[in-house]
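What follows is a group of structures, each given as structure tokens.
You will see chain A twice below: alongside chain B first, and alongside chain C after that.
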Partner chain A sequence: MGNSYNYIKYIKRVAFSNALDSIISLTILSFGISALVNLFKWLVFSANWSVVSLNLPLYLFGSFPGDQLWRPGLWISLFAIFSFITLWGPRWSWLRKSLPFLWVSYAPLGIFLLAGGFGLSAVESQNWGGLTLTILLTSCSAIVSLPLGIALALGRQSTLPVIKNLSSIYIDTMRSLPLIAVLFFGQLLIPLFLPVGLEINRVSRAIIAFTLFVSAYIAEDVRGGLQSMPKTQKEAGEVLGLHPFQITYLIILPQALRIALPSLTNQAVGLLQNTSLMAILGLVELLGVGRSILANPEFIGRYIEVYIWLAAIYWIVCTVMALIARHLEQQMTLDKKDF
Partner chain B sequence: MRRIFTGILTFSMLLTGCVNNSVGTQSRLEVIKKRGSLICGVSGKIPGFSFLKSNGTYQGLDVDICKAFAAAFLGSSQKVQFRPLTAPERFTAIRTGEIDLLSRNTTFNLSRDSSKGNGLIFAPVIFHDGQGLMVRKSLKINNLEGLAQKSICVGSGTTTEQNINDAFESKSLPYTPIKYQDLNQVVAGYLQGRCAAMTSDRSQLAAAKSGFKNPKAHIILDDVLSKEPLAPASAGGDQLLSDAMRWVIFALFTAEEKGITQSNINQKLEIAKSNPQMKPLRRFLGIEGDLGEKLGLPNDFVVKVITSTGNYGEIYNRHLGPNSKVPIPRGLNKIYTEGGLHFAPPFN
Partner chain C sequence: MPPIVKATNLTKSYSKGIFALDNVCISVEPGEVLVVMGPSGSGKSTLIRTFNGLESFDSGQLNILGITLEGHNNDERNIHRIRKRVGMVFQQFNLFPHLSIIENITLAPIKVQKKKKAEAEQNALLLLSQMGIESHARKYPSQLSGGEQQRVAIARALALKPELLLFDEPTSALDPERVNEVLDAMRKLAEQGMSMVVVTHEINFAKEVGDRVLFMDSGKVIETSTPDIFFLNAKHERSRKFLNQIKK
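Presenting the complex of A and B:
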């Protein structure tokens, strides 16, 4: 009772303390409410969601062959299952310890499930699409560019001039190019450089381009972490008689990565959203499949429904990624308390 | 360092070396036959021409042309894979051999055809498009002159903008262009009443119109401001493939001219078989002569094509006809006997 009385008092003080304030508050409030009512009306009554409901498999799996749909289906569900276990799963230590391996194996598993081989029938990459392709692009690029980025960051700190300069030049060049230029390079120029007959499929080319680009940014994030390490840490390791490799691997990197984690999460979420750029380069990932569906004469002009639906999917996936990252951060700070 | 460089050099030389040996001067048609499937580049985003159906298959006029090629080359219209391509990457995809041929609303012009330009070979035009104008019926405007002093919505920085300017200037009519970044914005501007007319390619106007709440309230004027002949294309210097493509398209035209359709092809085949004096029909359907063989195709390739896709008129009506969702008046796309431009040389 007292609590709600406090709220009323608070609102009165903040929003209705004098006549002008009240008028402003009421105008904003009425605008807000009418916007919400209109939005609700549109969502429920005017919008025709058949463009979403009839094409649900397309949004999720693209034009993957019908009898093999269980493969991308399984892969997408594994994403949900892994996320659920990571966030709210039981705290059995064997499960917790195997989680990193599960996540690392997620991208290779995806390639195996989608491409086939080893007993599964082969499915060509032009049949991959929708959310499956978006997650594949993100996870594969992330898993390759993280070690590459760490290596570049370490290379930039190196005392060997060749390695140091090469890393610096690479990082600075990549950071001075717009992503879309790198993606165009991947889609249009890589095939021209390759000898005739040797062909890298378009999904791999996209992953290569994303990896080249993102690893430069990851390198800078990791470097931020590395530079915040006090020199004493390295010296302590030397006193203990550790090999420089051991110092980096056991002392510096774990701490630097923990510091870099929030910005690494940022990169991952950014990467997921940047995969939508591939829609203008002809891959039918989530946005691309939406645009292809909009060209179907039965659904012409249903732009708003499709884009709201796509926004909702991106929002869900990004939120899950952010939640997992926050969970990781919390776990790492817990370790710190153990000291 | 030097050792690494020499290593890379030898390796790349090795790569180019072995690849050159394996590819040689083989025609793409042989490659397609060996592979057992045709890889066809399409847009995937143009209503009526190529788009994704809810069941995950591609459909449209461009797609059916690919299916006709597959039926002729490989005997089945199912043996085709579609690669959605955007405008900038389509020519690279052909040059690098990522796709066998392109069936993607590509305008046939000199610089794309010439060996010092894009170096493509174009098959016959399958759709004569052209820039047009759309107005509200209620304005009672029925030609270009009626639009004098009016404002027109147009995409900026395109040949569209240039063409509309040329058209009005040549008739010394004043008008106000209202420029937008892309077609969706042009459509939105037109619907909001910012301009009396909007201009774009006629096929795109028709597609946009079919998405309007009340399509009947708008008309596309008869004036055509530019020539946009859309044709399938393949890589230059490959006569076997380009000839085969050319004559598959001509077969579609000739079948319509002769009244051979998907439903009566078997009947026609029986008639031709029992009447040895019907020489032209027998040659066309591959009962006598070796026309198919000359192209590197089976002699009955016409039968295969018509059985699986129907003649040109049937393909057109399926996707762009009056009962389709994107109706575009046939106009120049009629067969030449009916006043259109589609004409096939004789099958002799």
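Presenting the complex of A and C:
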């Protein structure tokens, strides 16, 4: 009872201490309440969620052949399972130790499950779509651009002028281009550069473009980590007789990546959201599916439902990624103190 | 036996007229403990950092364990050969914070000397127990006090079974009550016959453990004497002035 009394007193002091404050508070309050009431009314009475419920497989898998839906289904479920295992922290150490390997193999596994081969029937990349394609674009680009970005960051610190300048020029060029331009380049120009007879599909071209773009940003994040390393760590490695290469990958990089982890998480979440740009370039990933459903006369005008639904999916996936990243950060610092 | 360190006319200058090392000639005999003293900026650290190639020099000659270094353009392989046989302990410990204590110590034996992990760990535990900190083997550097970290750093240097140990002000970054635990560890090493070059301001250590004291100022060797002579009856005016300063 005393508590609620204090609470009322606190609100009074903060929001209603004088006439002007009271007017402002009441105005904001009335707007807020009316917005909530309207939203609730709309959600319950006006919204027609059939545009979502009737098309669930489309949102998840695009136009993947109906009898093969278990393949993208399994792949998406694995994302949920791996996330769950990572966040809950299993007691079995063999499982914990295999987690990095599981995550690294996730993207190649996705390509195998979607494209087929080795006993699975082949499915053309035109039929990939929905959340599956969004996650595929994100995971494949991320898994390639991380090592590439690290290599570029190390290249930029190299003492060899050729490597140093090439890395710097590449990084600076990519960072001065808008992503959408790089994506257009990927879709329209890459086929022109390839030898006759060699064709790569639109999805691969998109992954190449994302990788080229994101690796430049990752390189800068990693460089930030590298530059914050004191010179004494390198010296300590040198006097132990370690080879320069060993010093980099045993001593400098593990510490630099730890420092760069928060900004790398940012890049990963940004990458996932940026894959929605591919909707403009003709891939039916999550946003593309939404747009094509809206073009169906049956669901015409159901914009708000579709976009709220898409926002919810993006929110869930991004939140899971952020949670995993935070978990990783905590583990890396806790390791040093929890004994 | 030939000296394990022999420097002849070692010279290094930063810019016009300022010498970090000015015609330094010294030698260190096997099993000897040479204490290097001098005011800050006198070139003590620069001198011992040339011994394992962390610092280059302009002219003169340096012979470490039979391997000769010339001023510039040294063969990287020669420097590497020296580093495998010479250990170094830094003022700021410079442990690897992302590795546990035992990993810090076994890193070089496994990666440089290609020892088996079990063998390297066994040796590391032995060294840690000699240093009196075997219970910390699985902890991380940030969980240890400064004195403990420095003893780990000594164990890390010893793990490669060096023929010469260099100490660059090993106790200057420690809390006063932690200084002795490190000095005791060094004293034990000296008793076991380890050849050591120690840059330090610890007079008592120099007196009790040092075989000779080298006094430097502005890059020059001012005098080299036994501790008895240096601390009671320094030959050189500059040395006496310095000793008066630090005794205050």
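Here is the rule we use: the second predicted complex is superposed on the first by the 329 of 339 C-alpha atoms of A that agree within 3 Å, B and C clash if a C-alpha of one lies under 4 Å from a C-alpha of the other, contacts with A are read in each partner's own complex, and residues count from 1 in each chain.
Basically, a residue touches a chain if its C-beta (ideal position, glycine included) is under 8 Å from a C-beta of that chain, and two chains touch if they have at least 3 such contacts.
Quick caveat: nothing in here was measured; it's all calculated off a predicted structure.
Engineer: Superposed on chain A, are chain B and chain C clashing or fitting side by side?
Structural biologist: With chain A as the common anchor, chain B and chain C both fit in the superposed model.
Engineer: Which partner does A:291 contact after superposing on A: first (chain B), second (chain C), both, neither?
Structural biologist: Only chain B; A:291 stays clear of chain C.
Engineer: Based on the superposed arrangement, let me know which partner A:246 touches: chain B (first), chain C (second), both, or neither?
Structural biologist: second
Engineer: Given the overlay on chain A, how many degrees, to the nearest 10, lie between chain B and chain C at the CA centre of chain A?
Structural biologist: Once the two structures are overlaid, it is 150 degrees.
Engineer: Between chain B and chain C, whom does A:235 touch in the aligned arrangement: first, second, both, or neither?
Structural biologist: second
Engineer: So, does A:191 touch the first partner chain B, the second partner chain C, both, or neither?
Structural biologist: After superposition on chain A, A:191 lies in contact with chain B alone.
Engineer: Per the contact definition in the header, classify A:255: touching chain B only (first), chain C only (second), both, or neither.
Structural biologist: second
Engineer: In the superposed model, how near does chain B get to chain C, counting Cα atoms only, in Å?
Structural biologist: Superposition on chain A places chain B and chain C at a least C-alpha distance of 25 Å.
Engineer: Quick check on the output: what are the common chain A residues between the chain B footprint and the chain C footprint?
Structural biologist: Chain A residues touching both partners: none found.
Engineer: What residues on chain A touch chain B, complex-wise?
Structural biologist: By the definition above, chain A touches chain B via 54-55, 57-58, 61-64, 66, 124, 126, 184, 187-188, 191-192, 194-199, 202, 280-284, 288-289, 291-298, 300-303.
Engineer: Which stretch or stretches of chain B touch chain A in the complex?
Structural biologist: Against chain A, the touching part of chain B is residues 12, 15-16, 19-20, 22-23, 44-48, 50-58, 81-86, 88-89, 92-93, 95-98, 184, 207-208, 210-212, 324-326.
Engineer: Looking at the complex, which residues from chain A come into contact with chain C?
Structural biologist: For chain A paired with chain C, touching residues are 232-233, 235-236, 238-242, 246, 250-251, 254-255, 258, 335-337, 339.
Engineer: Along chain C, where are the residues that touch chain A in the complex?
Structural biologist: Interface residues on the chain C side: 52, 54, 80, 83-84, 86-88, 90, 92, 94-98, 107-108, 111-112, 138-143, 156-157, 160.
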